Structures are given as C-alpha cells and as structure tokens.
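Notes follow the structure.
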Amino acid sequence: MRAAPALGFTVMVAALIAAPFIGLYPIFMMKALCFAIFACAFNLLLGFTGLLSFGHAAYLGAAAYGTGWLVRTAGLSPELGVLGGTLLAATIGGLVGLIAIRRQGIYFAMITLAMAQMIYFVWLQAPFTGGEDGLQGVPRGKLFGLLSLANDTVLYFVILAIFIAVYLFVIRIVHSPYGQILKAIRENEPRAISLGYEVDRYKLLAFVLSTGLAGLAGSLKTIVLGFATLSDAHWSLSGEVVLMTLLGGMGTFAGPVVGAFAIVGLQNFLADRVGSWVTVIIGAIFVFCVVAFRRGIVGEFIAWRQRAGQKA
Amino acid sequence: MDIFGIPLQAFLGQLLLGLVNGSFYAMLSLGLAVIFGLLGIVNFAHGALYMIGAYVAWIGLEFFGINYWLALIVSPLVVGALGVVVERTLLKPLYKLDPLYGLLLTFGLALIAEGLFREQFGVSGQQYNVPELLQGATDLGFMILPNYRAWVVFASLVVCLSTWFVIEKTRLGSYLRAGTENPALVQAFGINVPLMVMLTYGAGAGLAAIAGVLAAPVIQVTPLMGSNLIIVVFAVVVIGGMGSILGSIITGLSLGLVEGLTKVFYPEASSIVVFVIMAIVLIVRPAGLFGKEK
Amino acid sequence: MIFKFNKLSAACAIAATTLMGAVGAAQAQFSGDVIKVGLITDMSGLYADIDGPGGVEAIRMAVADLGGAIAGKKIEVLYADHQNKADVAAAKAREWFDTQGVDLLIGGSNSGTSLAMAKVAEEKKKVFISVGAATSALTNEQCNPYTIHWAYDTVALAKGTGNAVVKAGGKNWYFLTADYAFGAALQNDTTTVVKAAGGNVVGSVKHPLSASDFSSFLLQAQSSKADILGLANAGGDTINSIKAAAEFGITKTMKLAGLLVFISDIHALGLKTTQGMYLTDSWYWNRDAETRAWGRKYFEKMKRMPTSVQAGDYSAAYNYLQAVKAIGTDDADKTLAQLKKAKVNDIFAKGGFVRGDGRMVHDMYLMQVKSPDKSTEPWDYYNVVQTIKGEDAWTTKADSKCALWK
C-alpha cells in the first residue's frame, strides 16, 4: 500500500481500538461498524463496479433474520450463525442478480429496488421472522464455543477485527486483476465487451460478493443487538446506505466508513431531539451531495491532497 | 353461485376494488412514464408529489374552503408549479451526468417532503370527506359499492386517455417526443426544448397531484401515502415498459385486477404478486411488455 | 482571516461536525443521584392519542404528587418515541439502562415493543412496568421477574367484551386482526372465550398495522356471513375499520365488536356511530368522585380527558415512587419486592396487588357506549354495565404457563 493511505488506515484503526477506553458507548460503536461493513460492501458495487443496487437492505435483512433464527431457534454458536446468514444473503443476492443483470443503469437500480421490496413482504408474512414484532431474544453465545460474547467490550473487539478483515478484503479485490476488469466495466462497458470479457459474469460475481458482505453486516448486527426486525430490510435502509457511500466518498476505501459513522451518529444524536426532522435532514444531505458534493468527504480530501501535491 | 369455490360476491367485489387500485397505479405510472419517457429522469419524488397533491386538497378545504372539485384543478396547478421550480433549480444541472444522480436527487427530495409533512401533521392521517355529490353507495347485489370509488375509476380513465391522446396524437406531443430523441435538432428548428422539458416535468407532477386528490377521500391523507405506493408503481412501469404511455395505463389497470384476484384466492401473496410478475416479465421480455429497448 | 468556502472546507467541516455528533451521541453518561423514570411509547403514530404525550404528562403528575423528589434525590422523567418499532424501543431501552441510569422503564402502547423491552429489562435487571401494551404473554409465556403488567391485557378484554357479546346473541364471529403480537393475542384469547360461551369462529383476516385501506378485508369479512365482526385491533386501525365498515354497508349485515377501544377512539368517531357498543376497560374518568377529580386535573393540562392507559401511567409511576420512598433505595430487586408486597390504592385501582407472574390484579369494567341524547357533557360516553372483579378478570393459575407462578 502507498504511504498516505497506509497512514490513514493506521490512524483509523488506532482510533477504533481506543474507542471503548475513552468512554464511547460500545453498542453505538458496534452498530456503526456493522453499517461501515454494509457501506463498504455497497461501495464495492457502486463505487468500483458502477452498479447502483437500490435495494441492498434486502441482503442485510436476510442475513439478520437468518442468523437470528440459526442462533436462537437452531441453537448454533454465533460464528456458525453468522456464516449461515452471510451465505443466505449471498444466495439471495445471486438470484436477484441473475434477474437484474439483464438490464443496465437505471433499470438495474429499479429492478433491485422492486425485488428487495418483494423480499421485504416475504419477511413480513413469514412466521419465523415474527413480522412486525421482529425476531427477538437472540443470545450472544460463545464464539467457537469458547469466548463468551456477553461482554460488550469483548464483542466490540471481535466485530472490529472482522471489520478490519472486510476492509482489507475489499482493498484486495479492487487491486486484483478481477478488480481491474470491474473498473473497466464501470468506465466503459461496451469496450470491455468488445475486448472479449464476459461482462455479465463479472458483474454477477461482484453482486454476490457485495450482497454476501452486506449479509455479514446484518448477521453481526443481530448478534450485537439481539434482534432482527423489518427495519433491517426496509427500503429506507437501502437509501441510507447509498447516502453513507455518497457522503463518505464513492470509489474510495475509507469513504463508506466515514459516511457510515456520520449517518449513524447523526441519527443517534438527532432522533430524540428533533423527531421527524431526521428524515428531512437525511434528504437534504442527499440533495446537497448530489448537487454539490459528489466526491464525498474522503473524495474531496483526496482531491485536495492531489492539488496540493501538484503545486509543490 | 361459486367460482372455484369462492362465492361470486367475494370474487366480483375484490375485482372491483382491484380496479380502483389499478386506476391509481395507472395514473401514477403514467406520470412516471411521461417524465421518464420524455426526460429520461426516474422521478422517485413522484410518490411525494402525489402525497403533496392530497395535502394541498386537504389544506385547501380546511383553511381556504376550496372544495373537492376546485381542488382537482388547484392542486395540480400548485404541485405542477412546484415541479417546475424543482426542475429548473435542481434537476437541470444533472442532465449531463449519469441518470443515477437524478434518481438519487429525487429520492432525497422525497425524503425531505415526507419528513416535513410528518413533522407538521404526524403519521396518523387527516380525514378528507367524500364530496357530497359522490356520497352514498349503490347496492350492486353482490356488494355495496361506495359511489366515490366508481368515480375514481371513471376519472382516472379520463385523465389517462387524455394524456395519452395529447402525447401520441397531437402536435405538441410530437414536439415533446422529438425533443427527447434529438434535442439539438429540435432546438435548431426553433422549438424551445428546455422550456418544454420544464413544462413536461410540471405536467407529470400535476398528474401525480390529481391522483392524490382522487385518493384523498379513499385512504388516509398521510405523509407516508406516497412512499407506500411508489415502489409498486416502479414495478408497474418496469413491467409495462419504461417510456410506453399506453403500456403504463394498461399494465396499471391489469395489475390492480390481478392484485384483486390474488386477494380472493391467496390474500397473503397480494402484496408481492406485482413483483413476482415483474421478475417473470424480466426473464421473458426484458424490455417490458410494451417497451422498446432503448 | 478570509474564510474561503470551497469543497474541501465543506468536507472538513462536515467530517468534524458529524464526528462530534457521533462522539456526543456515543458518550456514556452515568447518573447516580437522580431517580429516572422513562416512558417509551408511540408518540406520533396510530396510538399517540391513547398514550403518547398524554402519558408523559400523567407521569409528570405522579412525580409532582410526590413533591418532585424523594429523600433529596430529584426525580427526572424521560420519554422517547418508538414509532411502533420493536427494535427502536429495545435499542432505546438498552441505551437508557447503559448510559442514562434509568431506574424505572414504563412501556407504552404496542405489544411488540413491550415484549422487546421486557427482555432488555430482564437482561439488565431493571424494573419494567408495561402499561399501554395488551398482550397477555407479558405475564404468561414470556413472564420474567422484572416485568409487571399494570393496566389491562387481552385476556381481560376477551373475558369482558367476548362474553358480553355472545350473551347478547352474537354467536358467529369473524375477526379482523392487526398482524402483530397484540392482534394475534387478542384474537386467540377472544376465540377461547367465545367458544367456551357457546359461540364459534367462522374465519379471520389479518391486516397490516396502520393499514390505510380496509375495504378488501371488510369484503372478505362480509362474504363469511358471520354475524359479529370482531375488531382485534386498536387506536387508528379501529377507528378506520369502523368508518370503512359504515361506508361499505357492513353494519347492515354484521354487528361490530370493538375488542380494544379507548375513550379517545369514541371521541374521534362520535357517539352517533358507536352508541350501544360494548367495551372492556380498566378505568373510566367519570366513574366516581375521585376519578373525576383526577380526570379534571389532567384535562386542565391536556384539554382532553385521560384514557385508561394515561391513568395507568400515573398509577404505575406513583406506586413505584411510593415503593422507593418506603424502602429508601431505588435498587431494582428491592423495589420489585416492595411493589409485589404493597397494595395498590389510588385513583386507578382500589385493593389492587401485584401477583407472582407480574400481573397487577384489579377490577375491570364492562361498559357500553351511551347514545348521544344520554350524554350530559363532553367525554361523558359510557355506562358502566358490570364490574368484573379482579379474581375473575385475568389468566387463572391453571391456565398460566408462567414458570414463576407455580
């Protein structure tokens, strides 16, 4: 890795490791980390492959419910539950991807949204999800049967470790030959086709990877909070992850993380104080980002450094 | 008399209700198709415009004594004007970018609208009474049909067919269609394309508003009424074929009927049947039933 | 210094602000010298009139009646809107217990949220009193040592209204049920009562919570040819079901049985539409001199008469604070022991007590809505037909599946 990003990465990790010791509420931090994973997964698809999946919450929700059921009802230990949930999300992602990949651009986005809504209604009706009441009472259990996750701080470091692994994994994918092809598809799909690449297959694989990682976020969230509800699969969450990525910086690595923390923090901070204004503010940030701030926080930062570098 | 073991009463009743729902689907997908077909914008704010249209009618009645019939004219004008302002200030700069940004912008606008109205009015909804002329119900034998619902079907058919006629059969409509296919050329002929685009967005917004006014006496006027509906309308447009006006109308009405049928035999599936059909159509005919592969 | 607004500054500013927001939001705060009572309820949705801001006011009245402090420790009232989402309620409850040191959590409307909050309270070993929720599961299958169910539940509603309607001739029932914990519990408990009384259930249909259009559900009900339409829903849903039933002429062939109806619903619908309807409730402001006095005091502040849930909020907070006062500490286990020992004698209930499964046992009232000409003043809506004695209203020990109460 190059110098500056490596430094940035170190600072980020250090800050996250220090968090519980400077009084930050672990549950909030864990929730933010889960959404950071979600946003990184989403960014893989949008920022690096150029595909806008507008129904990404379906996969987070699927894994959330899957893991919840596996851990609570089937009695599995948390790591198996998380694995199961992630696989469920990736499978559903594969099926949706097969249908959605047939169209491009705007159509693709609308199809992913509509499919996600269908899945939402399935969760609403299915008895095991508990419908409006949600799937409650998911125990934390013991990781690998050995390490009890009941303590918030212990669980926090487990989640942090997984987050760092996902973050590095995304970097690895993007910098690999496969990632280069995705970049080519994003920049000029017809050209990539003319060069002989089976574009649809690459897109589908990216889709499955992205939905699987989104599922991982959902599974972890269920373990942390102890429940999975319809909010996890609702289209408003799909919209929020788009915003997290856009605000943080599409196509950057740290962008989604910054965006996730910003939005989760904002919602937490404002929810009690301003009620429905939260929705208005989220919408306003959306509009602002699209009109005047398309590079996002990290994107703008990188652009500034490049300009500063050129002047020197 | 029974059909497949279901009393005819229940059957026809649900179909009729389905037709009413279908009218709303048709009108809303029409507005969406007009905006997309002619402007290339996926207007996620369409549900919000529908909701604002209903609120304009309610506010008009509560505070200004504007009755239902006047509201049918006033509301589309107000919301249309709002649409024009939005197009001019926010959407115009985005045309040269990836169309996804237009979708995201309108999504943000929809959130702002929903949040503002929620803050002001709460989620429980406001009562909007059926206008006197249309009150009461007719006993059709197999069910009692409130007269207002029959009016909704009639009115939406009128609106849909007039819009289709204007776009497909008049000169103005042909300018619009040409303008989106090749703006530069049409502009060269002296036709003010940006003005047309602006007015088209306004007209689409106005269509949504009329649907909102028609809906007000039927369901609660709530800030959430748009978001509940918009995704289904998206599916309708995808099935019908984006950009096909007639496709949207026919698909909207048919889907309302299919939903009604599903409620008779398998009520739990009624909310997902639209999406299942969309998935099937996409596998078999990706361009949609009436669409042209653009 | 000239401040240049450019995109980089914007980026930095946004990053800094949101980071501060995130830090601020995440800061753990601890309090030890304040007694905190928190209410999590539906503040803005379909149940807002039943509990909502009125519930907060009722709790404040209880705090005021205790002088605002106990042994020098100030009493603070917190509230939050769960928006009828169980995850929001549970997350807020957890946050309050972890970072705000809340001593008493009061559960407002919506059974799903109360079930979720009960679990959190059990995990954190803190006192949770559910007032607004209906599901009998709180003191039955899902009972736990830290949960007390104060005002009413689905069993009491079923025994009251269910029996009354069947006795009045309504033998064939069709249920219109809200599709979540509450609706299911209410439908189940009422079915048991109806069958035991000699009636039978022809069918049922579930509707989504806060549904906007009941027409298709009502059509299904009508084609069932039952003579009673049991409304296993509440608040805005009940109001809308009744309105739609009138619109579609359902009331010509079926009678409506509102299984959970509050005075706020009658107020919204009007006496003309609801007269003659039976309903079961835990409290009515116009029942005796004491309830009237308290009701009018509440009316002065809120300009509406209190519902039974709002009175229940007052009573739960009042009795909890009395318990804390009596034993001199707000330790959860000790307060619970005291609450289960002491009797409840206030504006809400006389001779009430908390039994082994967490149920607060007190009398319930079967009432009938007055006709418009019999109503003497605004909010004078009910005739008390029958007082259902505490022993008869609730789940019996024989039927109970609660492990704590054997």
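In this document, chain identifiers A, B and C correspond to the written order of the chains, with residue numbering beginning at 1 in each.
Rule of thumb we're sticking to: contacts are C-beta pairs under 8 Å (C-beta built on N, C-alpha and C of every residue); 3 or more make two chains touch, one makes a residue touch a chain.
Just so it is clear, the structure is predicted and the values come from calculations on it, not from any experiment.
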{"item": "Chains touching both chain A and chain B", "value": "C"}
{"item": "A-C or B-C - the one linked by more C-beta pairs in contact", "value": "A-C"}
{"item": "Between chain A and chain B, centroid-to-centroid distance (C-alpha), Å", "value": "32"}
{"item": "Distance between the centres, which are taken as Cα means, of chain C and chain A, whole angstrom", "value": "36"}
{"item": "In chain C, residues with contacts to at least two other chains", "value": "44"}
{"item": "Sites on chain B at which at least two other chains make contact", "value": "118"}
{"item": "Shared interface positions of chain A, touching two or more other chains", "value": "124, 275-276"}
{"item": "For the chain C and chain A complex, residues of the former touching the latter", "value": "7-8, 10-12, 14-15, 18-19, 21-28, 43-44, 80-81, 84-88, 90-91, 94-95, 98-99, 111-112, 115-116, 119, 179-181, 208-209"}
{"item": "Contacting residues of chain C [partner chain B, same complex]", "value": "44-46, 48, 205, 210, 212-213, 215-216, 219-220, 222-223, 236, 240, 247-249, 252"}
{"item": "Of all residues in chain B, those that touch chain A in their complex", "value": "42, 90, 93-94, 98-101, 103-105, 107-116, 118-119, 227, 231-232, 234-235, 237-238, 242, 268, 271-272, 275-276, 278-279, 282-283, 286"}
{"item": "Residues of chain A defined as touching chain B within the complex", "value": "52, 54, 99-100, 102-103, 105-107, 109-111, 113-115, 117-118, 121-122, 124-125, 235, 239, 242, 246, 275-287, 289-291, 294"}
{"item": "Complex interface listing, chain B residues touching chain C", "value": "7, 9-10, 13-14, 17, 118, 122-125, 137, 139, 143-144, 146, 218-220, 222, 225, 228, 260, 263, 267, 270"}
